[in-house]
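Alright, structures below, take your time with them.
Shared between the two complexes below is subunit A, which pairs with subunit B and subunit C, respectively.
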Partner chain A sequence: MIPVLPIILPLLFMVVLIFTRRWLAFQQYFSLLATVVLTLVSVILLLDVQQNGIATLQMGSWPAPYGISLVVDMLSAIMLVTVSFIAIVIMIYSPGFIDKGRQSAGYYPISFGLLMGVNGAFITGDIFNLYVWYEVMLTSSFVLIALGGSAEQLRGSIKYVTINFVASIFFVAGIGILYGLTGTLNMADLAFKIRAAGHIPHMNGALMLFFIAFSVKAGLFPFFFWLPASYHTPPIPITALFAGTLTKVGIYTMFRFYSLFIVENALFWKSFILIIAGLTMTIGVLMAASQFDIRKILSFHIISQVGYMVMGLGLFTVGGISGAIYFMVHNMLSKTNTFLAGGLVYQRSGSYDLKKLGGLYKASPLLALLFFVPAMSLAGIPPLPGFFGKFFLIKGGFEAGDYLITAVAILVGLFTLFSMVKIWNEAYWKKEPEEIKKGKLSRRAIAATGLLAIAVVLLGLFAGPVSELTVEAARQVVLPELYINAVLGL
Partner chain B sequence: MESVILQIAARHMRPLLVILSLVVLYRGHNEPGGGFIGGLMLGAAYILYAMAFGVEKTQKSIRISPVALTGIGLLLALVSGLPALMEGHLFMTGEWTTFFSGSSFELKLGTPLLFDLGVYFTVAGMLTLVMFSIMEE
Partner chain C sequence: MLFLFAILIGVLYGAAVYLLLRRNIFKLVLGLIFLGHATNLLLFVAGGLTRGFPSFLRDIPGEVEKMADPLPQALILTAIVISLGVTAFALVLVYRFYSVTKTVDLDELSENE
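Coming up: the complex of A and B.
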């Protein structure tokens, strides 16, 4: 029963929020409570999976491969916990930042729609069902990105909607071909059939369609351009929620597909993915260095960091994958945190433009600290989690003997530090400009950012225990037989 | 623009379309039809009415807002999974009961139908929500 809760709880909360849409104060507190409940459920699920192995549930008692299977392995469980924790922080932050008009226009119910889609994508064991969850997630994100309907938002959302629809076409085309080739869409059954058949003609074509679809959603080279063109337009809690969840669902799906379906031509895929990873990292970080809007710098950084996760996938060793999963958790927390800190800067000074900012360190040391922690974490300074994430990945790279990508990863790390220092210098250290606005900071927003910063620090301090979890998750990814047997009950 | 022809047609078509949508909903379990198509028909009935009489008057005649209708639909879909749990089966397992069995009025009702009813309301709610917003512009 528990594996289905991460999907039906957000649905239940969404329904409650739809009926109570006139009482804004109730919505604010209920959403917070709801995300806490969701996090507790996810933690229970994580502990359960850690003790008893992969949890499966056959919806409606239709046995696999005929019905829809729900599967929670360590990777899914870790993702569920991280996403629902981020949701708590966003729900604390939102009332202090988003204007009342947007909040009562359905922000809270739609956010739970987004969470339902994300959670569904993490735990489904059926490719078509995965597509449905992607659509649930995207439809909700379409509403959120356009919520309020300012001209800038609409400009951004048109790009966002169009490119995501194109990606969905690739996704469905891939599903169609795959179903025609194998006659099944249950992931475990499909993986089993692929292994039994040895060689399936045209398999690579279908997989390439999937790769394009997911790399659009994840923001990989060369399909990342939509992300910085749209992410900076909505209010910052929405951007932060997107940054913490959406692209990572694309990455998660790539992990799942690579692990289950790539048997033939593994050598081609490995080098292909490593090249894409290297290009994504490098181009993302170079583009970020040339920006002057805080939100745009951070958006380009999402791309660069996604490259690291894909690098771990390309290595496909327990060390590499485990590093990538740890990095993903770190990135979801730290990236959301930098966006939220950027929101505080905006609340204080009324601008995201680095040229117009300055003197914030002197004006508000607390604000500076709240940005400093996640920024240094992203840059990879010990003992923050960014350092351990990169360390695990680079160690994995050396162990696998892929020296070139490892060298690229180290270099890109330096450039990341450069961008973070740039924001720091311009917004915090530079002398305060004369005409700067002196806005009031919301206490809730500060509390939320602080809570997330504490979580980031803890993730770094407890890198050892956390990496034990990620190693277990990586072992399940590298040995897909565990997944297949758990679902099919072999 | 007010058209008498459209108004008379809409007044007579609305009850027919609502009944037809319910028929499509009920037969959908084994034959072509179902909650989605039924919901579209229900939505179409009210959109036609709104085209003839305007959105405001239509809203008043429905009494329930499209958003609430969507909410009810989602709730029904969610609730349809629960009877299976009380029976000790897995979530969303179809549970059926038959009324008047053996007679010519045999009526089979089950949780899949309840789920379909949820889809029916959700689709109709979303459709009218979107269309009414566009028509009000």
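Coming up: the complex of A and C.
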């Protein structure tokens, strides 16, 4: 019963919130409470999976290949917990940053629509159902990114909607071809049939369509240009929510598909994905270094970090995948945290432009600390989680013997430090410009950012126990038989 | 039959890509619509074309084996609804963009950044 709750609950919350749209105070507290409930459910699921292995549920009691299966393995459970925790933080943070018009226009209910789509994508075991959850997630994100309708936002939205729709089309076309080749849509059954058949003609075509679809969503090279062109336009809590969740759904799906469907031509896919990973991290970090808007630096940065996760996938060893999953959790927390801290900078000084900022360290050491923790974590300074994430990945790279990509990962780490230090120097250390605005900081926003920063530090301090979970998740990814048997009941 | 469908889908994809590359954002939306239709047809063809045996049971012996596969049709139905929703949203978005900026040109759109 529990596996369906992360989908059903957001739907219920959304319905309640739609009917209470005018009562802002109620909306704020209810959504906070709702995200806490969601997190508790996800944690219960995580503990369940840890004790009893992969949890499955056949919807409507139709047996596996015919009905829609819901599957929660360790990877899904970890992602569910992380996403719902980020949602709590965003809900605490939002009231000060989303204006009343946007709030009563449906910011809260649509956010739960987004969460429903994201959770659905993590849980479903049916490939077409996955497409439907993607659309639930994307349609909600379309509304959120255009909500308010300023000219800048509309510009970003048109690009965002177009590219995401095209990517979805690639996804559906891939599903159609895969169904034509195998005659099934259940992911475990597909994996089973692909393994049983040995060689299926045209399989690589379908897989390449999927790869393009997910690399657009995840922001991989060469499909990432939409991301920095649209992510900086909506109010910062929405950007932070997108940065923390959406691209990672693309990565999650890539992990799932790679593990289940790639049997033939494994060597080609491995080197292909490693090359894409290397290019993604390098180009992302170089473009980040050339920007002067905090939100744009951070947006380009998402791309560079996504490269690391895909690198772990390309290695496809327990060490590499486990490092990538740990890195993904770290990145979701730290990245959201830097965006939220960027929002605080804006509230204090009225600008995101590094050239117009300065002196924030002197003006507000607390604000500086709230940025310093996640930024240094992204840059990979011990004992913060970014260090362990990169350490696990690089260790995995050496163990797998892929030295080139590992060297690239180490170099990119240096540049990451550079772009974080750039924000730090310009916004916090430089002398305060004379005409700077002195805004008052929202207490709730500080609390939310602080909560997330504490979570980042804890993730670093408890890297050992957390990595036990990610190793288990990685084991389930590397051995797809576990997933197949759990769903088909073999 | 398959050959005709292949040509039709190809033409639709071609038209869609052409329209997506136009500067006018209204044509962009038309491109999205074509893209959606082309893909729905692709789903239809990929599921296998069956003539004369619709996908519901009529209690005629031996028909079940020859019957058209109902699943791709269900998938297409879902995909049509989704692309309808996205198209409606895109139209409103384009209209809002036009009423805010008084232009439908993508190039002017990027100049302002």
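Simple rule for what comes next: the second predicted complex is superposed on the first by the 490 of 490 C-alpha atoms of A that agree within 3 Å, B and C clash if a C-alpha of one lies under 4 Å from a C-alpha of the other, contacts with A are read in each partner's own complex, and residues count from 1 in each chain.
Note that in this section contacts are C-beta pairs under 8 Å (C-beta built on N, C-alpha and C of every residue); 3 or more make two chains touch, one makes a residue touch a chain.
Note that the structure is predicted; figures quoted are calculated from it, not measured.
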Next on the checklist: Per the contact definition in the header, classify A:T139: touching subunit B only (first), subunit C only (second), both, or neither.
Outcome noted: second
Next on the checklist: Quick check for you: in the superposed arrangement, does A:L47 touch first (subunit B), second (subunit C), both or neither?
Outcome noted: neither
Next on the checklist: Quick one: is A:L366 in contact with subunit B, with subunit C, with both, or with neither? Answer first, second, both or neither.
Outcome noted: neither
Next on the checklist: Quick check for you: in the superposed arrangement, does A:V166 touch first (subunit B), second (subunit C), both or neither?
Outcome noted: second
Item to check | Of subunit B and subunit C, the chain that contacts the larger number of subunit A residues | outcome: C
Checklist entry - First (subunit B), second (subunit C), both or neither: which does A:G60 touch? => result first
Checklist entry - Taking the superposition as given, does A:R21 touch the first partner, subunit B, the second, subunit C, both, or neither? => result first
Checklist outcome for this item: Footprint intersection on subunit A (subunit B / subunit C) at none
Item to check | Residues of subunit A defined as touching subunit C within the complex | outcome: 128, 132, 135, 139, 142-143, 146, 149-151, 154-155, 157-158, 161-162, 165-166, 168-169, 172-173, 175-177, 179-180, 185
Checklist entry - Within the complex, which stretch of subunit A touches subunit B? => result 1, 4, 8, 11-12, 14-15, 18-19, 21, 57-61, 106
Checklist entry - What residues on subunit B touch subunit A, complex-wise? => result 67-68, 70-71, 74-75, 78, 81, 84-85, 89-94
Next on the checklist: Which stretch or stretches of subunit C touch subunit A in the complex?
Outcome noted: 20, 25, 28, 32, 35-36, 39, 42-43, 45-48, 71-72, 75, 78-79, 82-83, 85-86, 89-90, 93-94, 96-97, 100-101, 109-110, 112-113
